[in-house]
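Chain nomenclature is as follows: A, B, C, D, E and F, assigned in order of appearance, with residue numbering initiated at 1 for each chain independently.
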Amino acid sequence: MYKRGLFLGRFQPIHNGHLQVIKSLLKMVEELIIVIGSAQYSHSFNNPFTSGERILMIRNALIENNIDISKLYIIPINDTNDNRIWVSHIIASTPKFDVVFTNNKLVFRLMKEFGIEVKNTELFNREKLSSTTVRTRILNNENWEELIPKSVSSIIKEIDGINRIREIGFSNLKK
Amino acid sequence: MYKRGLFLGRFQPIHNGHLQVIKSLLKMVEELIIVIGSAQYSHSFNNPFTSGERILMIRNALIENNIDISKLYIIPINDTNDNRIWVSHIIASTPKFDVVFTNNKLVFRLMKEFGIEVKNTELFNREKLSSTTVRTRILNNENWEELIPKSVSSIIKEIDGINRIREIGFSNLKK
Amino acid sequence: MYKRGLFLGRFQPIHNGHLQVIKSLLKMVEELIIVIGSAQYSHSFNNPFTSGERILMIRNALIENNIDISKLYIIPINDTNDNRIWVSHIIASTPKFDVVFTNNKLVFRLMKEFGIEVKNTELFNREKLSSTTVRTRILNNENWEELIPKSVSSIIKEIDGINRIREIGFSNLKK
Amino acid sequence: MYKRGLFLGRFQPIHNGHLQVIKSLLKMVEELIIVIGSAQYSHSFNNPFTSGERILMIRNALIENNIDISKLYIIPINDTNDNRIWVSHIIASTPKFDVVFTNNKLVFRLMKEFGIEVKNTELFNREKLSSTTVRTRILNNENWEELIPKSVSSIIKEIDGINRIREIGFSNLKK
Amino acid sequence: MYKRGLFLGRFQPIHNGHLQVIKSLLKMVEELIIVIGSAQYSHSFNNPFTSGERILMIRNALIENNIDISKLYIIPINDTNDNRIWVSHIIASTPKFDVVFTNNKLVFRLMKEFGIEVKNTELFNREKLSSTTVRTRILNNENWEELIPKSVSSIIKEIDGINRIREIGFSNLKK
Amino acid sequence: MYKRGLFLGRFQPIHNGHLQVIKSLLKMVEELIIVIGSAQYSHSFNNPFTSGERILMIRNALIENNIDISKLYIIPINDTNDNRIWVSHIIASTPKFDVVFTNNKLVFRLMKEFGIEVKNTELFNREKLSSTTVRTRILNNENWEELIPKSVSSIIKEIDGINRIREIGFSNLKK
C-alpha cells in the first residue's frame, strides 16, 4: 500500500477507461493525485477542453461513480516544453507522492531517471476506450456517449463542446 | 445563494482568518473555488511554500475544521504578469463561477471591468490575522502557531518550513 | 454599419485578395482594424517576413489602392500559443471593436464563445489568390508579382525577400 | 532630413509635451514611427492603460492637433526583459528607420552600441508635462485635463479610466 | 586567419564528422566558439541529451582527439523560437567573433542578413556521419560506436543513454 | 577531494576575490564548474555585462592567474524566476557535480533541500572585494582597477564598459 500515488493524463475528456484505472489504483494507494497535463491548451482537436472544464468533468465523473473524492487531489499542470525540469515542476506542484502510474514512455523514463518509483497502469479495452476515440466519434457523429460517464457528456453538451470540436475539426492553425 | 463562488489568495500559509472567511462564504454559495494565486513562486520570504505544499495545507486545514471538501475546489494558478489577460486566465482555469470574493483592489477592478460580480470579504481581526504576520513571527521566533490550524503547523514543521523561512529570511535575490 | 471592425491575417505577404476584402469591409464599417497575426515569426517558409516589413507592405498597398488609411489601424499581435486567453489578448491590444471578420475556423469559434459578433469574409478567387501561392511561386520562380500590388513586390525585392524565401526554402529547423 | 525616425514612449497617457515633441520631430523626418513601449502592461499605477487604449488615444490626439497621420506609424512593442536582444526586437517590429529620438538613457545607450544614430528630444516644460504628473493629478483629483489633449481626456473618461487609476492606486501586487 | 570563429550544432551527440570539421576550422581561426544549440531540449529522439551532458561529451571528445581546448569555447544556447532576435541572442551570449561556420540554411541566411561573414563547412562523409545516424543505430541496435569518439560512447553508456533513446523511441508527446 | 564542484556567481565583473576563491576551491576538487548566473541580463547597473562578455573576462582572468583552464568549465545559466525548478535547471545544464560552493543563502537552501552537498566559500576581504564595489567605483570615477585582474580591466575598456555603466547609471527602467 502506497501512501500517495500520482496518475497523469490529459483527460480530453475523461472516459470510462480512466475511471476503471482510478478505481483499481485506489486499491493500491491511500490517496491519489490526478494530474491534468497540458493544462494550458484548449480549443484544438487534441485538446478541446480548458483545464477548468476538465476539472469539472473529472470531479463529476468521480462522484457519479461513487468514488470518495476526499481521497483524491485534482491538480492541473501546464506543459513545460523543457523535459529537463519537468519532474521538478510536477514535484513542486503536488503534495509529496511515493509512486507514479503512467503508460506514457517519456513520463516513465523521466520519473525513473529522477529516482521515483513508476509503474504502468492496466489497460482496459484500450483500442476502444481512449480520449482520441471519443473526440473522433464526436467529430464523425458516431456514438461517443457510451464511452464516457453520463455526467461528462452532460457537461460537454452544456458547454457546447460538440460544436466546438466539429467547428474546429482538424484545423491546427494553433496548437 | 450563488451557485459557485471564487475566493483568491496566496495562502502563504493559510491561517485562521482565511478559514473564517471560507466558512462564511460557504453560507452564500453552493460550491466554492479556492484559487491559490502566484502558484509558481516559492522559497522567498513572501512566497515560502510551493503550490503543492499549499494545496496540502489548505486541504488538511479544511478537514481539521470539519468543512465539507466535496463542496470545494482547490486550484493553483500562476501569475501572468500581464493584467490584460489575467481574468481570462482565471476563467479558463476554473469551473464556471458567478461571483468573486476578494479584498485585493486590483483583482476587484479587473473582475468588475470584465463584467463579473465581485464582493469584498469580511475581515476577521485583520491586523493580527495575516499570512505576513505568520511568516514574520516564524522569522522572529514568536508564537506563530496560534494563528494557524494545527494541521498546517504540522506540515510546516514536517517540510522543515521554519528553517526554510529563517535561512532565506529577507534575502530577495530571487522573487 | 458597424462602428469598428477587426480583420485578421498573417499577411505573408498581403495580396490582391486581401485588398478586395478590405475594400468590401470598408463599406460595412466606419473604421477597420487590420491585425497582423503571428507577428513574432519570420524567416520561415510560412512566415518569411518580419512584422515590421509586413506593416510597411500593408501600408504601401493601401496607399497604392487609394484606400483612406485614416480609417484604418494596422496592429501587429503575437501568437499566444494559449487559445484560452487569445481573445482577451486581442481585445487588450486593439481599440474597442464591434465585429470580427475572419474565415479561420478557430478564430471564428473563439470569438463566438466570447460573445463577439463574427462574420465570414467573401473569398475572391481563393484557389489562386493566397499568400501560400505567392510564396510557392517565388520559390518556384513562377509569376508571383501578378498576385500582389506593385508596391509590395517592390518592398520584397528591396529587402532581398526573393532570396530569403529561396535560401530558406522548406527548411523548418526553426518555425 | 531623415527618411524615417523612431520615437519611443509608454504614453501612459500621451500628453501635450509628447505632441510638441512629435510636431518638432516631423520637421526633421519624412516619416515618424511612434513606438508604444511596455505594451503588455496595464492596470497598474505606472501603466494604467492597455496598448489598445493607448493606440486610440495617440491617434485621436494626433488628429485633434491636425497632424497628418499618413506620415506616422503607431506600433506597440512589448518589453523583452532582456536588454541584449531589445534593439533587434525593435528593428524587426518596425519599418526600417535611420534615426532614434529618446531621452531614456538606457535606450540611448543600447541604440548607440548597436551603431544606430540616436538623438535626445527637446523637453517642453518637463517638470510639469509628464505622464506621471497626469496620473498623479488624476489620483489626487487635481486638474489633469489641462495637461493632455481634449480627445485623450474624453477617452479616459469613456473607459472609466479615472476610477481605474483611483481604485488601483499605488497597489502594486502586480506590475 | 580569423581571430575568432563560431561553429554551431546541436551535438546530439558529437560524432567523428564534427571533430574533423573542428580540426579543419582550427587551421583557419585563432580561437573557436562551439555553440551547443537547442540547449533547453532533451529526452526526445531528436534531442536525447541535456546540455550538461553534451558539454561533457564535447570536452572529452576534444581531449581524446588531442585538440587544445585552451583555444576553444563551449557555449550552450537555448532556441529562441523567434528568428528575428536570434542573431542578437547569439552575439550577446558569446565573445566577439568575426566569422560563422554553418551548413544550416536558416542560420546562414540570418547571419548574412545581419552583415556577419558566414561560410559553409566541409562535409566529411555526410551520408554516414550524422548525429541522426548515430541515434538511429542506437535505436536499431546497430554499430553506432564506430561513428563517435570512444570517450563519447563511454559517457552515453554511463548515463544509460542507450536505454533512454530506446525507451523514448519516436514517442513525440513532448519535443 | 571532490570529483567535480560547482561555484556560482554573476561575475559582474569577476574580481580578485573570486579568483582567490577559485584557487582555493581547486585544491578541493578535481574539476570545477563556474556557473555564470543571471546570464540573460545586461546593460543595467547590477548586471552591466552580457554573458558573452563575462565568459571572456573569466577566461582571461584565469589565464592571467596561471590557473589551468583544462580543469574548469564556464557555463552561463539564465535565471528561471521559479525557484521550484531552479536546481533541476542547474543539474541539466552542467556535467554531474558532487558539491556546490556558495554564500548565497537561497542557493544554499535550494541545494540542501534537493539533497546536494553544499558548502560556504571563504570570504577574502569581502567588504572591499565585491563586484558591487567595482561597479560603484567605476560610476564614481574611483580606483576600480586595483580590485580586478588587468586582463579584465582591459576588456572593460575595450568594450567601452566604463561609459556603459556611467551612462546607464542607476536608471532602472529595465532590469
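In this section, contacts are C-beta pairs under 8 Å (C-beta built on N, C-alpha and C of every residue); 3 or more make two chains touch, one makes a residue touch a chain.
Just so it is clear, the structure is predicted and the values come from calculations on it, not from any experiment.
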*asked:* Starting from the defined contact criterion, work out which chains touch chain A and chain C both, please.
replied: B, E
_Between chain B and chain C, centroid-to-centroid distance (C-alpha), Å_ = 44
*Return the distance between the CA-based centres of chain B and chain F, expressed in whole Å.*
37
*What whole-Å value do you get for the distance between chain E and chain F if each is reduced to the mean of its CA atoms?*
26
*Numbers and ranges of chain A residues touching at least 2 other chains*: 42, 50, 84, 91-93
*May I ask you to sort the chain touch graph into line, ring, star, complete or other?*
other
*What are all the chain pairs that meet the touch criterion?*
A-B, A-C, A-E, A-F, B-C, B-D, B-F, C-D, C-E, D-E, D-F, E-F
*asked:* Going by the contact rule set out above, which residues of chain B touch chain C in the complex?
replied: 80, 84-85, 87-89, 91-93
*In the complex, chain A residues that touch chain C*: 40-44, 50, 160, 164, 167-169, 171, 173-175
*If you look only at chain B, which of its residues touch chain D in the complex?*
79, 81-84, 86, 104-106, 108-110, 113
*asked:* Residue numbers of chain B touching chain A in their complex, please.
replied: 39, 42, 50-53, 55-56, 59, 63, 69-70, 73, 75-76, 78, 91-96
